[in-house]
Structure formats: C-alpha cells, structure tokens
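In what comes next, subunit A is part of two complexes: it sits with subunit B in the first one and with subunit C in the second one.
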Partner chain A sequence: MSNQKKRNFQIEAFKHRVVVDPKYAEKTWKILEHAIHEIYNHNASGLSFEELYRNAYNMVLHKFGEKLYSGLVSTMTLHLKEISKSIEAAQGGSFLEELNRKWNDHNKALQMIRDILMYMDRTYIPSTHKTPVHELGLNLWRDNIVRSNKIQTRLLNTLLELVHRERTGEVINRGLMRNIIKMLMDLGPSVYQEDFEKPFLEVSAEFYKVESQKFIECCDCGEYLKKAERRLNEEMERVTHYLDAKSEAKITNVVEKEMIANHMPRLVHMDNSGLVNMLLDDKYEDLGRMYNLFRRVPSGLLTIREVMTSHLRETGKQLVTDPERLKDPVEFVQRLLDEKDKYDNIISSAFNNDKTFQNALNSSFEYFINLNPRSPEFISLFVDDKLRKGLKGVSEEDVETILDKVMMLFRYLQEKDVFEKYYKQHLAKRLLSGKTVSDDAERSLIVKLKTECGYQFTSKLEGMFTDMKTSQDTMHGFYASHPELGDSRTLVVQVLTTGSWPTQPSVTCNLPAEMSALCEKFRSYYLGTHTGRRLSWQTNMGSADIKATFGKGQKHELNVSTYQMCVLMLFNNADRLSYREIEQATEIPASDLKRCLQSLACVRGKNVLRKEPMSKDIGEDDAFFVNDKFTSKFYKVKIGTVVAQKESEPEKQETRQRVEEDRKPQIEAAIVRIMKSRRVLDHNNIIAEVTKQLQSRFLANPTEIKKRIESLIERDFLERDNVDRKLYRYLA
Partner chain B sequence: MPRASSKRKSSAPQNPPAVKSSNARSGTSTHLFYSGKAKAKEIENFFDKYANGGIIDPDGIVTLCKDLELEYTDVRILMLAWKLKAVKLGYFTQDEWETGLKTLQVNNLSKLKKAISELEKEVRTPPNFADFYSFAFRYHLTEEKQKNIDIETICELLNLVLGPQFRRQVDLLIDYLKVQSNYKVINLDQWLGIFRFCNEISFPDLENYDETQAWPLILDNFVDWLRENHR
Partner chain C sequence: MILVDGITLLCNDLQVDPQDIVMLVVSWHMKAATMCEFSKQEFIGGLQSLGIDSLDKFRERISFMRAELKDEQKFREIYNFAFAWAKEKGQKSLALDTAIGMWQLLFAEKQWPLVDHWCQFLQAKHNKAISRDTWSQLLEFARTVDPALSNYDAEGAWPYLIDEFVEYLTENGIVQNR
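Our next item is the complex of A and B:
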C-alpha cells in the first residue's frame, strides 16, 4: 500500500499518550474495511497479508482498537445481512445448500479476518473483555442468519421435514444434513439444543406416539417388537450419520418411551401372541428381542419377570394338583423335570442367563412343588423307578445328568426329611430284592445327597449299603464253616442293622421245617461270632425261589415272597387247605395272609393256586388247591414281587405321623444347641434361628417350636426371664 | 439367759422348741424374748388345740376354720398358709405355726380372726400378690417331683385366687380349660403366664395381644377360641 505516510515516531507508552492524527485511523480503517469486503467477495488473492496485519497492529497500538473492533462488527454485519437475503431467496431444496455454501464461505472469511486481526485478538480484546474475533464471527452468523426471522423457522422446519421423510423411507442428502447440523453445533451447544435438538425430540416423540399406536392396533406382539427394534436401530444410525453423539441417548429414550414403555402391559398381555404364548411355544427369538428391548426401560425386565413367575406358578400349581397326573408318580416327576428344562433353555437362550430370572424360576418351582405334600414321596418313587429299570443301558454321563436334575428338584423340597423317609423305604426294597440297575448310580446319588445335606442325612443310607456288603462276607463265612451243606446255597441271609433300615415291626410266621433247621444253624453261627446281638427274622421282607411241578408235569421255578413260600410249602403235605388251616399253620397276620393268598390265587397268569369260591376276596371259609392247570410260557415265574408303590391312605398317615414325631427331638436339639451358645435369647430370635438351622431338612412350624420350648421349660432346660417374659435363659 | 429361762419352765420337754424358735428367727423375735415367754406358751397352747400328733392335719384345719368362722375353701385360709410359709398342703407344722403367728403378733383366736382380715389387705398389694399367686400353685403340688396340676384343680384355684380381681377373664378361661383337650395339666410357667395375661391384656377386646410374643401356647389357643366364639 503506497498511501501510507512515513512516520518516525517513538512510542513512549508509559509517559504520555501519543496522539495520532485521527485521519490516520480513519484511513487505516478504510484499508481494512476494504479488505474485508474483498474477502467476502472472494477477492482475497489480491491482498497482502503482511500489510493488513501491520495496519491492524498499528491501529491497536495507537489506541484505535475500539474503532477497529466496532468497524469489524458493522462491516461483518453488513455482509451477513446480504448473505441472509440470498439465502432467504433460495427456493425449496436449494435453501439448505445455499446456507451450507454461505456458511463455508463465512468460515473461510472469518479465518482470514481473524489472522489479520490477530494482534487485536491477543491484546485489545482480552483487556477489554470483548468477544474474540472468531467467536464474534460465529455469534454474528448466529444472530443474523440462523436466528433471523425469515430463516430460523424455515431452517428448523426444513431439517425436521427431511428427518421425517427419511423415517418414512425416503433417501435424503445425509452429507448436507451433517454439515448443517455441524454448523449448529459449532455455533454453540445451546444453539444446537435450543434451535434443533429440543424440537427434534418433541416431533420425534409425537411421530413415534402415532406410529406405535398404529402398530399396536394391527400387529401381534412379535411383529411389533420387531418394528420397535428396527426403529431403535434406525435412530441410532441416524445419530452416527448426522447428529451430535450426545443426542443418541436422548432420542433412544424417546423411542423407548413411546414404543415400549407406554405399551408394555398391552404387549406383554396380548392375546395369542403375548409373553405367555411366547413362553408356551418356546419362541426364543421373540423372547430374546423382548428381553433386549424391555431392559432399556424402567421396570421392563420386572414386568417380564412378574408375568413369567405368575404363569409358571399357575401352570405348576395345576400340574401338581391335577388328579390325573397324580396317578403316575414317575410321569409326574418327569413332567416337572421337563418343565424345568424348558425354562432353563428359555433363560439361557433368550434371557441372557439373567440371574434374576433364574431366581424367579427357582422360587416358583419351590412354591408349587411344595403345594403337593406327596412331592417328596413321588420324587423318591421316580428315583426308584430309574434305579430299577429306567437307567438300564444309559451311559454313565447321562446317568449323572439325570441324577443331577433330580437333585435340583430335591433342593426345592421343604420337607426333605419326608423324602429321606421314603427314600430309605424304597432303597431298602431295592437292595433286598437285588433289583438295582447300577450300584454306581446308587452310590453316586448318595454322594450327591451327602453334599447337599451333610453327613447325617446319608449316614444311615450308607449303613444300609455296608450291611449288604457285610452280609455277603457273613454268608461266605457261614458256608465255609458248614461244609456239610455242600455247594448249593439254599439260604441267603442279609443281616440288617436295626437303626439304619426302615423300621418294621417283627411279625409271626412259621417257616417250613426244611427252612427252620437251616435258619437255626445260621443263627447259632452268627451269634457265635457276634456276641451280645439279637437276631429276628424279618419274614415280611424276604423272598424265595421254589421249583414246582404241576399236574400235567409242567415244571416251573417260582419267585415268591417268604409268606408265599410258607403257604405253598404246605401243599406238599395236603391237597386241599382251608383259609383257617393255612392261617393256623403259618401264623401269618390276617391282612398280610389275605393279600398273599390273593396274589397266589386271584391274579391271572400267576394263579398257581386255585380257590373255591372263585371270588376276588378271601373269605374265612375259602378252600385252596394247587392249580394243576397252571401254565406260563416262561420257566421262571415271578409272583407278587415287592415293588415300591404309592402308599395307601392309612400308610401315608402313618408315615406322616412318624415324620412329625421324628421332628420333635430335632427341634428340641436345635433349641438346646442355640440356647447353649447364646445363653439368653428372646422369643422371636429363637424361632428365627431354629427355623434357619432346620431349613435343610424341613420347614419348622413356629407353633411346634413354641410347644417344644414350653416342654423344655417344664423339664428345667430353660427358664423365662423374671422381668422380660420374652426372654429365655439357658439353665446349665 | 437361755439357761435362766429354761430353769423357770415347768415342763422340760417343752423348753427346747421355744428356745430354738427364738434363736432361729433372730430378727423378729427380740420382743418375744422379753415379753414373749408367756405369749410363746399361749401360741403353743393354741397350736395344741388343733394339733394331732405334733402337727395340725387337715382335720385340725377344718376345726380351725370353724372356729374362725370361715369355710375351709376360703381364700383367706390359703393366705394364712402363705403367711405361715406352709410347705405341705393341708398341714401346718409347729414351726410354721409358731413362727407365722409370732410374725402376725397373734396368740389367740380372736387376734387371729382380726389378723386374717388385715392379712387379706396385705396380700392384695401387688408385690405380695404376685408372690402369693405363685405360692398358690406350688402349695398344691402334693407329690414329690410333681410339676403339674390337673385342670380341675387349676380351675378351682383360679376361681379362688384370681376370681375376685379378674372375674371376667377367669370365668371365660375356666370355660375354655374345660372345653379344650390339648392340655390335661397345667405347669408353673403356664400358671404364671395366666397371671401376666390378666394383668397386661386388655379385656375383652384383646387388642394388645400379640401371638408372636412368647405367651404360653395354651393362651394363644385361648385367645383364638375367644375370638371365634365370643365376638
């Protein structure tokens, strides 16, 4: 620039203000003003950066910063107003393009201007706390363009219109959108939020409200969820492409609220396609989708869990109380296992193995299994069936799997002591009749029970196995010491320790002469080696194999119970025997004898005896004969094997009573244990502690606990505190 | 001193008891020593009127009651037993008699009559009554190692001891005890529980009865029965 006057001046800033010719300032400003115009007119190439910089520098130096700054403001504003007009003039689609173009231009211009005015930016502006140049440029853009009357609304509407079109399936210019949005973001977070984001969210909410309403009327649950998922993904994708990342959470919230949260109950309970149907039909994909969508909204998973729980409890309750199902205990348990498998699969495939769902499943099972007081018995019967025949030919791994599943059910039982009682009975029968499929499987289950419930639970069961083994050794010893008996082992004895085996009252029964001599030999042998013990024959638990020849010469080997053997042997010495005669000779108790005779004479295919009259019931005057016409296609015939059956009513009552009786000392022992260590304890705490201690065996009744406490007070184990009657004290 | 008094006594065998008593009960008997020789004798004579073989037996008590113009089932006789710290039901030993009467400062029938009506007031004060109530149960344990009393006797006792004060509760409780079949006897813990029940639970609404508290089970059952039958 050649107009510049050459001056030599010295700056003595500290001493006095150098007054410069005001015209100088005006001239300098004019230069700069012109430059700005040129820049905006895309004519910047002809400018000298160095010169302009120096001019600006000088102005500031000579204290004309104010003039420079205000000039900048007014010049820029002037230009922006023109730009504004040109943008307003743009039609339709080109509106955004024009805006974008002008914005880019402005940014470029702004950069250059800022570079030129850098000295002012660094000195005058900070000291006067004015807005820096770049920011000023943005603010002016904001105020004159983006927020101008004619543009602001139009801009917003255009943007929202484009979003809407994209949502309805059209393809839009995402790059352009991105740029415009970026412009808003650059202008400041409040601009983006106020001028775009907030209305965007409102409009979106409205859009999804309408859409969700439409969908829910016409779609079933699965379809609806698919649509919701799609929309959700769409919005997330939109954000990554042209919105501020911070908007993602906000827009997804909107979708979640409008499409999911607002319709949750209706979706879950939808007829024919809701949650319950999905569960029934194992619709893993739909369930998984529901899980993933619902976990995004408050109480979403809770809703699913609650519906699942109540459905499970309801079906479970029906299962265990359905009289049809109760007829076959093995089926009953199998059905329970199937149900558990089903839900385990659902939770692992669709519900992400969510622990809270596992817990809901467990608590539901625990609830309905215990609704039926016969569950412990049935589970034991199931195991009995498996160990007798069900596990034949099954691989070791599979055996373990089945037993583990049974253990799962066992864990749900509240009355584990009832299970123990039945298990003992069934195990005894299995062991004594030699009818177990696999010793290993038996032992494996015992180990599992021990791990679950502790040593005491299984010590007696293990005792039973020990007795069987010991008896084998005893047998060896017996026959070794009686060589005169030869090789044929007519008698096999199992010696059972009274405490370990289920108690049976010993009954009368006269063994046939052939037997009794041999039995006596054994008795003296045994007592000879084990002094101080008492042996009593359990004739109601034994079995015998008899070779029989019938009228037409047919030979069979009959496998019968001891009672049956006693009856049949009588017919070696008589052709006809009346009921009374049989009763007298055998001294078997009437009810057992009647059942025994029924099994020998009244069962088709097993009627080795003939009865007159031919009725099903046994009358006192009935007469019995050997059935010479007996036939069977098998040589070996099994008659009336003692199989574990569902108990009859009176038997059930008896077992239940015995269980109750057994519980009393256990409760007392728990009370004494607790009081011994605590010395003084109040009523509610005792109840709680006792219940907890006994939990692994059965659910203790607070009233029963109270009774036991009172009994212990009476027997001077405990006393009440004199002052606070709720306190109990242990009396050493 | 003891030797001096023993010299003056006419009948030798009777000396030792009087002397023994005053030595054993040192706290209360100082006044006896001075004026009590005559009194002691009178008490002894008083004792002998009803005693039979050195002890007042049930017959003797019946006679005593007649003289006192009381029914022998009267609660005041029971109170006398309590005051005398009697151990065996239906019997007063010489020791119990003499010590008790000395405490009451009584040596003849008319004084005894008066003392008994005073005694009633004394017994009915709260700390004494609790002790008396407990005594009533223990007194009726006749056999050695006996811990329980049959329901019938309990009903009579309740009526006698608690009736005057808690008429409504006692009447209903007696009804219940006769009807229920869970318990054939009552033990001390339950007996004491009944007393606390009458004192603490508002009746007949039973509003503050809380089953989860450590009330004896028989009272839980009683409350259930009340709620079912007497709404």
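Our next item is the complex of A and C:
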C-alpha cells in the first residue's frame, strides 16, 4: 500500500468465511471416531496426526467439545468392553499375560489419543472441570477391566496365589507381577490398597499365623528365630521386587506380629533352648538375632530384659548365698567378676551395647551383691590377695584393668563404709609386713577410690602410706645419729599415727632384755625430735627374724611375730617352761598367748617347740621345750601370721559393731546439716533427706535415724513443734 | 524452805493424803521446782495466785483443784510440769521408778487402759531413765492412739521407746496383729 499517511499499522485477525455446516460436527467426529478405532486395532500408522489434531481443535473451537468428549468416552468404553472379554477368555497362566499385554496396548493408545486431543485437554476440560484424557483413560480401564465382575476377583486370587506359591518355594514370574502391580498403582493409590494390598495383608497374616504355629511346635528357639528372620527378609525382598515400597512397613508388621509378638513368651521361656539357655551358653549369634527381631515389636526388648534380669538375680543370689562359695573369699569375688565379664560380653556382642540392658545388669548386681553382708569384706580380701601376690608379674595395663573391674564391684556395694574398715585393716597388715607386690598398684587403687568417694574416704589410707615413708626417714635419722650401733639394723620401727591406722587396744608384753634397751634408745631419740607426742609399742603388730640352732646343729632363720619372738627368747635361759611361767614372764594376754603357743608347737612343719601333753589345747600346766628334732627343707622358715584372713564370727561381730558405732555420728552430722539449712522439717522428709545424703557410704536405717533425732532432741539441738508433733525445728 | 515434814503437816491440816494427786496440782500452781520442797517464794506466790489467805480457803480450793485435772488442756500442762518437778535436781532425765510412780498416779485420773502394760514393759525391757521427749510424747500417744492400736501409725514420728512398746504389745498378744 502506498498510502503515505502516518497511521498506526493495525493487524487484524485473519478472517475467512467459514461455512458452518450443521453436519460439520458430526462429520468431524466420525473422522476422529474412526481414528480411535484404528488406534485400538493397531492400525495407527495410516493416520495423519496433523489432520486429526486439527479436527479435534476445530471441534473444540466451534463449541463442540461436549460432543467430542462424550464421544471419546463411549468409544473408549466400547473398546474396553471387548478387551475385557478377551482377557476373561484367557486360560490359566495366560490370564495375567493377556491383561498385561492389553494394558500396555491401552497405554499406548491412550498416549496417542491424548496427543490428538491435546487442545481439548488444555482448554475445554479445565473450564468444564471434566477429567483430563489420560486420567479418563485410566479410570475407564479401572472400571471396565480391573473392577469388572468377571475380572476383579480372578485377578486378586491369581496374584495372591502367585505370592503363596513363591512363599512355598516356587519360582514365579516376578517381572509380570511387577507390571501388574504397577498397573494397579498407576490406577490410583486406593486401587492398589483396596484391590490388592489389604487382602494381601490379611492373607499374609493368616499364612504366617499358621506357619508360626507349625514352627513353634517343632523347632527350638534358635531355629525358630532363624526361620522368622528368613521370612522377614523374604518379605522385604518381595517388596523391592514387585510391590509398592510403602507396603514394606505394613507387611513387615504383619510378619513381626504373627511370628514374633504372638509367640514371645513361649519363645523366651522355651525349655532347653530359650533365652536363659542362650545366656548360659553364650550363644551370641542366637542372642543377637533375638535382640534384632524382638526390638521390632512392642515390649520385645522389655521381655528380654525382664527375663535376663530375673535370671541374673536368681543366679547371683545363689552365688552369693552358697555356703561352699563362701569358704574362699578370693574365689567368691573372682566368680562375681567372671559373671560380670560374661554379661558385659553378651551385651556388647549380642545386644548392641544397649544402655537399658547395661542398667538392668547393674541393678541386678547391686541387688544380689548386697544380699550377702560379707561382700565388702570379701572384696577387700580379694584386693588384698591380688596386691600381695596375684598381681606379681602382671603388666601395668592388666593391673589397671583388674583394679577397674574391682572398682565396678565396689560401686555396687551399699555399705561402702564397711569396705573401708576392712580395707584399712588389710592395708595395714600389708604395709607393716612389707608384703605388697606393687606400690604403684596400691596407689592407683587409692586414687580410684578417691575419685569415686571423695577425699574423706581415702585421707586416712593416704596417711598410712605417709607414715610408712616418714618412718623410713626416721630410721635413717636414728641410725645416723647412733653410729655405735654399727651397720646392722637390728631394729626397724614404723611409727603409726593413731587416727589413720585401724585402732588396736594396746596390750602388755615384756620385750626380751636384748631388745628393750634398743627400743628405749629409739624412744628417746624420737621424743627428742618430736616433743609433745606419745609413743606406745604395738607389740601385737610386729615381726622379727631370729636365728636358731637346733639340737642336731641345724641352723634356721625364723620369721616370727613379736609375741612369738618373746616366747622363743625365753628358751635361751631355760630348757623347759610351763605355760604359767611363760605367761608370767611375757605378760602377754592369755588368749593371744595361747594362740601364739599353738602356732609354735602344734603346726606341722613349723613346730619349733615341743609340747607336753601333745594335745592342741593349751592347759595351764602344759610344759614346753625347744624341739631339737625340728627340720625344714628351707633355711628361712616363716611362722608368723600377719596375713589378712576371713574374720572369725566373733571378730566379724566386733567389726560390725564398730561400723554401727561409727555410723551414729555420721547420721547425726547429716541430721544437723539438713536441719540447719531447712530450719523446720517433718519426720518423713528428714528420714528421706538423711538417707539420700548418706547413700554414698551406707544405707541408713530409719530406726537408727529416729534414735539419733531423739538424742538430738535430748541435747537441745532440735525440738518438736508444739502443734504438729511430726514437725521438728532446729534450735540455734 | 518447806521440806517433807512441813509438807506432811500441811497435808494434815488440809485433810489430804500427801500422796494425793491434788498435791501435784498445788505444786503446779506454785511452780515448784522440785517435789517435796517449796521455797518461800513459790509457796507465797502460789497461794496469792490461787487467792488463798486462810487455811479454810485453802481447804475449799482443794476440790476446785481436783476438778482442774479433768480439764484436757490443764491436765496436759500439769502432766508436762510433773516431769521437771519429779526428777532429781541437775539430772536431765527422770529415774524409771519415779516415772512409773508418777504415771500410775496421773493415769489413775486420766484412765489410760495400757498404763500397766507400759510400766511392765519399761521394767522388763528398758531399765533406763526416761527422757523429756518420751514423757511428753507418751501423753499424746495415750490421748490419740486407741488401746487396740488400730490407728497407730508406724511412720508417726513416735519416740523409739513407744515403737518398741507397740512391738511388745503385739508380740505378747496383748493387742491383735494388724
């Protein structure tokens, strides 16, 4: 156009005269209908996509979308009904194959149809809120095929039958299964779940109910668990191969419930193969399997834990109260350690180091160790044995390991103060007799006790070590300042601070003349350098080495206690001495003297004295002679008894009494502490608080606490409230 | 000081037995420190507080004083007073024999069915002096716990001696096991 005027150039829609042929829609539809038929008949190659698309487009454009849509629905439905018949006609195994084949065909067809009708899909359908083509195709498939009367039940049964066969060991066509299942999934989650998954789970539950019943009648626990584990794995594998991943949790739940949860008590308590047997025989693999299976079900681990706990408590109780075992304390403690090791291993190897199991183990041990009131004493004796000889030649690491294990047992003790008392006694004996295998080991244990119980617990023990060291220095000083005594150190003195060492009543004993002069020298030396102190000789704790020549000239060096030395030295001046004479001369208390004489005259291999009459008991008129016929393989003969031993009944009572006495001031101190800060407190709360405060040392007896409260009232530390007699008040 | 002889004379004049419990009430009014002794201050002070200025008036007041024992609150005060009054000067606790005597006297008024068992129990098992706390708590026990011990609370913060007494009663079948 050569119009030079400045005008906006407008572009107008291309108009061409469209003849609206009334039969137009019908004609167009027929074309499309035909196309759909061809597609379903696998004749799609002869079609022109462009033409068909245009036809569909025009129909929608000219407002014939409704016709198109409903035509689509009826045409597809028609085809699907035919397909349905052919599937129904399939026999046996080919049923699924036919279904699968037709499904694939349908999908391909649907794809093509959707492409052709894309314009409708994008415009007419959204605006009318109708189902999109693809989805429509799936729904029609679902309603006409999968949920048709003749197919629905048959399909389900076929699938379930295949699963069952696979469970009984047959090989099935997994690929086909996967495709069919995927078909159900594609048709929508409710189809998969309603038409397959729910019945599948029900049937599986039934299957496993029967199977578990059969197994449990004929298998022992370990075998049963293996089978259960295998089935569980199978089901998980089945899911990965041809089921929806979401089904895994559901089917495993079914197996867990039917095979494990329903039979837990019976499995755990099975004779000869149940949990207790597994524990006894250290069957780590079986135990581990049980742990892994049971943890999947509610209260599974609880069940295992409960059975283990009650078994442990029972065995522990027997261990601890068995009179045979109680004869040898070291053996006793060793058995406890072995039992602990055993269960530690079980928990780490089979129970995944599960903390709740550790706790159950700890509480069980705490329970039965405290059933035997002698446990603290025995543990101290065990340590004593180790420190005396048991740890000889053992590497430092191993020493630490053993001591740590002992500490574990110590922690379980409720009466730690009783242990402390015995430990002090045993330590004193070890130190004084110089019989400890390793100073480092001793120190290491003290440190561990301090870490566990605090400074007060070990301060006295450490004092004992200090005394030993100081005594060495004192000895040096003494001999340095008395050069006339020469090089031989006849006298070795350990000066013990009274508060730190176990209390001993001081006793009378006349030292032989040869000794008393030297002892006096030491006394004046010591008091010269330490004014304001008092020394008393503990003759019941000393030892001596004396050289003796017997009748036939045999010479021996005898290691004896101080008492024994005093007695033997008397025979330098007399050949025959009666008991009375010995008693008079030595002034040793009767019971100690009798024991001393027995150890010198009545023990085979150590009888350096001869006694008339030869009886074991010591009578007032018995006579004693040097045993000239005494022989021994060794030059050095040890007769003294300063070794720590299991206490006799009366000694035990005495120690127990002392412990009880020691507890009284501790209880009172606790009461005063608590009342001072709380000012006013009622009876039950005081008892609770005091018990809690003293827990780390011993279990306080409520009656004893009450008595202490009354004593404190009497001494005007506390008073009862005027109105509420259960309330106590602190009096400043 | 009015001592034993003086008191005997007084009792004669009052026509009252020296062992009569009313003398305890008199002592209480006088705030006497020890039994069988009245200091001049205590005697005069007590008479003044009672409003007594003649022997006759004194005799009249006797029945009033007897009645006072029936009052719950006054009885408790008199009972607790008796502890300090009956014990030896300078001692903290009350000798067992004296305590038993006092209890017999006091509980004759108050009527506690278990008093004889209590005294027997003490003589058999305890044989030591009685503390103040035990003394005062016993009254509470007699007042609040019924003789069949049905409402005895083991956690009730009773003195240990009383707990032992309960044990003694159940062991000897005097009271049924609960």
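To be clear about the criterion, the second predicted complex is superposed on the first by the 700 of 732 C-alpha atoms of A that agree within 3 Å, B and C clash if a C-alpha of one lies under 4 Å from a C-alpha of the other, contacts with A are read in each partner's own complex, and residues count from 1 in each chain.
Here, a residue touches a chain if its C-beta (ideal position, glycine included) is under 8 Å from a C-beta of that chain, and two chains touch if they have at least 3 such contacts.
None of the values given here were measured: they were computed from a predicted structure.
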For A:K706 in the superposed arrangement: first (subunit B), second (subunit C), both or neither? both
Quick check on the superposed pair: does A:N684 touch subunit B, subunit C, both, or neither? Answer first, second, both or neither. both
Answer with first, second, both or neither: which of subunit B and subunit C does A:L485 touch in the superposed model? neither
Overlap of the subunit B and subunit C footprints on subunit A, residue-wise? 682-684, 703, 706-707, 710, 713-714, 720, 725-726
In their shared complex, subunit A is touched by residues of subunit C numbered 92-93, 131-134, 137, 140, 155-157, 159-160, 163
Note: in the complex, subunit A contacts subunit B through residues 682-684, 703, 706-707, 709-710, 713-714, 720, 725-726, 728
Of subunit A, residues touching subunit C in the complex: 682-684, 703, 706-707, 710, 713-714, 720, 725-726
Quick one: which bits of subunit B touch subunit A in the complex? Just the residue numbers, please. 147-148, 187, 189-190, 192-193, 196, 212-214, 216-217, 220
